[in-house]
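Across the two complexes that follow, chain A remains constant while its partner is chain B and subsequently chain C.
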Partner chain A sequence: MKPTSFWAAPILSLLFFAAFVGVWHFSTQQTLGEVTVDPEYAALIGAQAATGGQSAMPGPLDVGAKLWEHIRDPFYDRGTNDKGIGTQLIYSIGRVLIGFALAALVAIPLGFVIGMSPLIYKALDPFIQVLKPISPLAWMPLALYTIKDSNISAVFVIFICSLWPMLVNTAFGVASVRKDWLNVARTLEVSSLRTAFQVILPAAAPTIMTGMRISVGIAWLVIVAAEMLVGGTGIGYFVWNEWNNLSITNIITAILLIGLVGMMLDTLLAQLARAVTYKE
Partner chain B sequence: MSLPNPFDPDVKLHRGGCSCGHHRNQAEHDQAHAQDQRQQQDRLVEGAVMRALFPRDAERRRFLKTVGTGTALAAISSIFPLGLAKEVFAETNGPLEKTKLSVGFIPITCATPIIMAHPLGYYSKYGLDVEVVKTAGWAVVRDKSLAKEYDAAHMLSPMPLAITIGAGSNPIPWTMPAVENINGQAITLAMKHKDKRDPADWKGFKFAVPFDYSMHNYLLRYYLAEHGLDPDRDVQIRAVPPPEMVANLRADNIDGFLAPDPVNQRAVYDGVGFIHLLSKEIWDGHPCCAFAASREFVTGMPNTYQALLKAILDATAYARKAENRKEIAAAIAPANYLNQPVTVVEQVLTGTFADGLGNIVQDPERIDFDPFPYESFAIWILTQMKRWGQIDGDVDYAKVASEVFLATDAARLMKEVGMEVPTDPVMAFSVMGKPFDPSEPAAYIESFPIRRT
Partner chain C sequence: MSQPFLKIEGLTKRFAGTGGSPDFTVFENIFFGIEKGEFACIVGHSGCGKTTILNVLAGLDEATEGGVVMGGREIAGPSLERGVVFQSHALLPWLSALGNVAFGVRSRWPRWSSKEIEAHSVRYLEMVGLGAALHKKPAELSGGMKQRVGIARAFAIEPKMLLLDEPFGALDALTRGTIQDELLSIVQATHQTVFMITHDVDEAILLADKVLLMSNGPYAKIAEIVEITMPRDRTRATVHHDPQYYRIRNHLVDFLVNRSKTYAGEQGDDPVHPPIVRPGLDGGARVVPLTKTPATSNQASPEPALRNASN
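Up next is the complex of A and B:
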């Protein structure tokens, strides 16, 4: 294989992007036909409806303009129900981080115990297997009903969806620490607490980090849907509010930003994971 | 104030002194106390006025510093009858138990009085600091209200009845002190059904309504059944949140909907559907959405409840007048409230609108605002719940109606804000030409050939 130049991949990326935007631009471009209704009536309806069509997909230029508008003023506050996109993203990230941190606090110690004790592993396994595949959003009505607070309910949904990947990965990582290392520790008469922290934890850390990385990804996926359900604040609420207004430009803008923030969260955890990996 | 405990050794009863010991006798104490309260109330009114006049506090301070307090007071009194406002406020209201309230709403024109009372200052006029919170759907409004996150909320008028009798949730006593709007809904069909205007051709259609316990559901079922279609067997009726309706209509997932505005007008605006029929043609003057609160709130915070209700009644009275509708449309269209193009909201509120088929229709009563919660409305709604199998067993129609629809309170407060009040809380009316006798609900249900009982 010939070594490719450093710039080849970025240039190809740019080309893909340009092609995509180009196709998008030309497929959404539409020339408004003759206005088929009388002007008085046309004033009451949208421009596309006046020519007998339906209002159409926005093109990349509209979206770009909208995106710039949002980026220029991300933290405006025009009342309870109309805040800037930056503020909304901060609300969402806050909820994700709180729910995720709580889940880590529960999942990692619990996963440790499950991983170290085959008995507890077998006893809890049926529950984990049943609870794991439940869509976190299915918990929402139950959470609203019992917790009686929509904000805490949203955090709870994040908590419950981030819990399982971390729990299962921690348990797996702990259980699959090489027996030799444990035996060495035992021969050296290392206390069990010290074994847990100085042998098992570093050995299982990469697997645990993988679990955390999966969790934060899922949490970010779920927060948008959860906020669309409960409303109030957050990027999910923003999408819902713009859906209400059928503003596809705003929705595409939000989709782009959701993707970027998700990528940032993932990169952050990938960096952490790199810090704890080791070579055998 | 609370009465002194006569069994408390440290409390002096009124002979020879007063309960706090600072006054010569109890009468003087009471007077001083009342004066204090009155002063506080006056401050509240003054505060509200000043906040309304100077949205930015820095401006207010600068103004007061330049002209001096006395001049400022005189200047403001000349444009706003401060003394009168204080008088009116003191006459009807004791101290408010709570001034910061949270009221939920769904972004539709039915909620106009609840929403407009915020930008047009009706809440602050009555000393309240209300946050109006946009909510994603009726089930969430219900749950947030039950969870006491909202002090009061915009609901569909069947919802307080359903919550009270426990249909679709646990029975919790709920009240409906005022109707928000009458009329103002419509049946919208997809463009491709332009020529199918006879409901008899609608077999197999998929319809959307906003919620199971809604006037929309009952009116659509009634309309279909009157045209010989069984709403459970011949068509499909789904509950779809209003914002998703136009998107679904456009994607051909549904054939039409009976929906609140601005959804209908929005479908026309986007060239997706046309307005087949306004709901007023099914039942002219039907109630739709409501201002609802828990019985606990009504009895636990009577002064706050009254102030809130008065603010909304006052707003409703303003919304009734046709000449104010354009101003209201501009006030409630922005993203913070309905988040719709102004022209769409304006067409709904003024009743001069494009119907989607190329005609400009003029119907000033397309939507109207009449807050009086007639008990007969509640009885009709209950008969429909019973008719379509949403409630089992016997219902004491009149009792539930009078417990949930607080006609007496509404009448008293409507009089105070200067509205006309109907004399009888039970009014007979007819739906699609068929008269409804509120005293014979059971016989009314029996009279329908299509029913689930």
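Up next is the complex of A and C:
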């Protein structure tokens, strides 16, 4: 294979982006056709509706302008239903991080125990297999009924969806620690606590981190849907609210930001994973 | 009669047969002893249970029958008294060379300060010629260097006995030779008691005081104990000039190639006292069963006399 220049891929990315924006721009361009209704009525309902030529689908320029507007003032607060998009994102990230952290606190120690003990693994496996495929949103009504707080219920949903990948990966990582390394610890009479923290944990860390990375990705997927249900604050609620306002521009802006935040969370955990990865 | 430092008595390993099939016996009735400061090599074909015997000595595996007594106490479980060098070096890949050695040292002397632990670990890494690679991770070390770290880790805990499971099996011939020399000089300097598995007949002759020959499994046994009667101050460069060298080598190779397959207790051997042979000496190649020789015979006299005779 011929070596390609460092800039080849970014330039190609830009070209793809330009092509996409171009197609988007021209397909949403407003074509003012003939006025087919009474001119007075047309003036009343606006040129677009009158010509029947355009929907509310904005072009890239509209979205760009909206995005710039949001970026310039991300944290404004004009009442319950009109908060800056930055504020909404912070609410969502906060819920994800709290739910994710709680899940890690439960999943990693429990995964450790399951990975160390084949008996406990076998005993808990049927529960895990049944609970794992349940859509986290299915827990929502139950959470709302028992917890009686929409905010905590959203956090609970994040908790439950982050739990399984971390639990399963931790158990797998711990169970597949090389026998040789455990034998080294045994022949050196290393205490079981020291073995757990200085042999098993570092050995399983890359697998555990992979589980955490999957978890945070799922949590970020789920939070949008959860917030659409519980309402109040958060980027999911923002999207739903703007759907009610029929502001497609705002929805597209939010979609873009959801993607960017998701990428940031993933990159962050990828960095952490790199820090604990070892080469054999 | 004095007891050897390490005594293996009636060691047997059987795996229960599944679904009504008969039990599978890997080896049975293994008896031998190793004196303090002695270097014993065990040689035999794959599947005869050498590694199992070593793992039992290490306390990592349990025999079906029989036991091991070291220094008057029965071995139960792994212990810092027995250092193990694993075939696959088994270094912890997230720790540096120094970290790997210090890991064991900290276990051996938990009261030591970090400084003491580091100084001790560095000393042993320098002993195996790795003074310049203290902070390298195992992935950055060559195969030979990794195995050196493994050897340093085992020596650094100053065990009463060292167990080596084919430590040089995965190394190229040149590296193997260098590390053999290093091991030889360290063992000669420290008078370490060593039990080592090897497939390499030349390695066994160079390093060992005695070579335990195992017949093929199943029902593997110690067929013979070959004493290496050459003087102890051997070096790899000169050992093959000793007239005894090829006599011993031929005897070992003969056993591995021809006799190990068919061996089934020749001459009605007593498994408790495997025959001791000294092929290096003139007329020593024939089997000399110790217990069946009258006490007055020369051949049954303690080994130092024989060794002197050869010198």
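Please note the rule applied: the second predicted complex is superposed on the first by the 270 of 280 C-alpha atoms of A that agree within 3 Å, B and C clash if a C-alpha of one lies under 4 Å from a C-alpha of the other, contacts with A are read in each partner's own complex, and residues count from 1 in each chain.
Note that in this section a residue touches a chain if its C-beta (ideal position, glycine included) is under 8 Å from a C-beta of that chain, and two chains touch if they have at least 3 such contacts.
Treat the numbers as computed from the prediction; the structure is a model and nothing was measured.
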First, second, both or neither for A:S192, with chain B first and chain C second: neither
First (chain B), second (chain C), both or neither touched by A:D180: second
When both partners are placed on the shared chain, which of chain B and chain C touches more of chain A: B
First (chain B), second (chain C), both or neither touched by A:L144: first
First, second, both or neither for A:S135, with chain B first and chain C second: neither
Which superposed partner A:S13 touches (first chain B, second chain C, both, neither): neither
Contacts of A:Q29 with chain B and chain C, given as first, second, both or neither: neither
Sites on chain A touched by chain C in the complex: 178, 180-181, 183-184, 186-190, 194, 198-199, 202-203, 276, 278-280
Footprint of chain B on chain A - complex, ascending: 37, 40-41, 43-46, 48-49, 52-55, 78-82, 141, 144-145, 148-150, 228-232, 237, 240-246
Chain A contact footprint on chain C (complex, rising order): 58-60, 77-80, 82-84, 86, 88, 90, 92-94, 103-104, 107-108, 137-139, 157
Partner chain A, residues of chain B touching it in the complex: 107, 131-137, 139-140, 143-144, 146-149, 242-244, 246-247, 250, 266, 268-272, 334-337, 339-340, 343, 347, 353-354, 356, 358-360
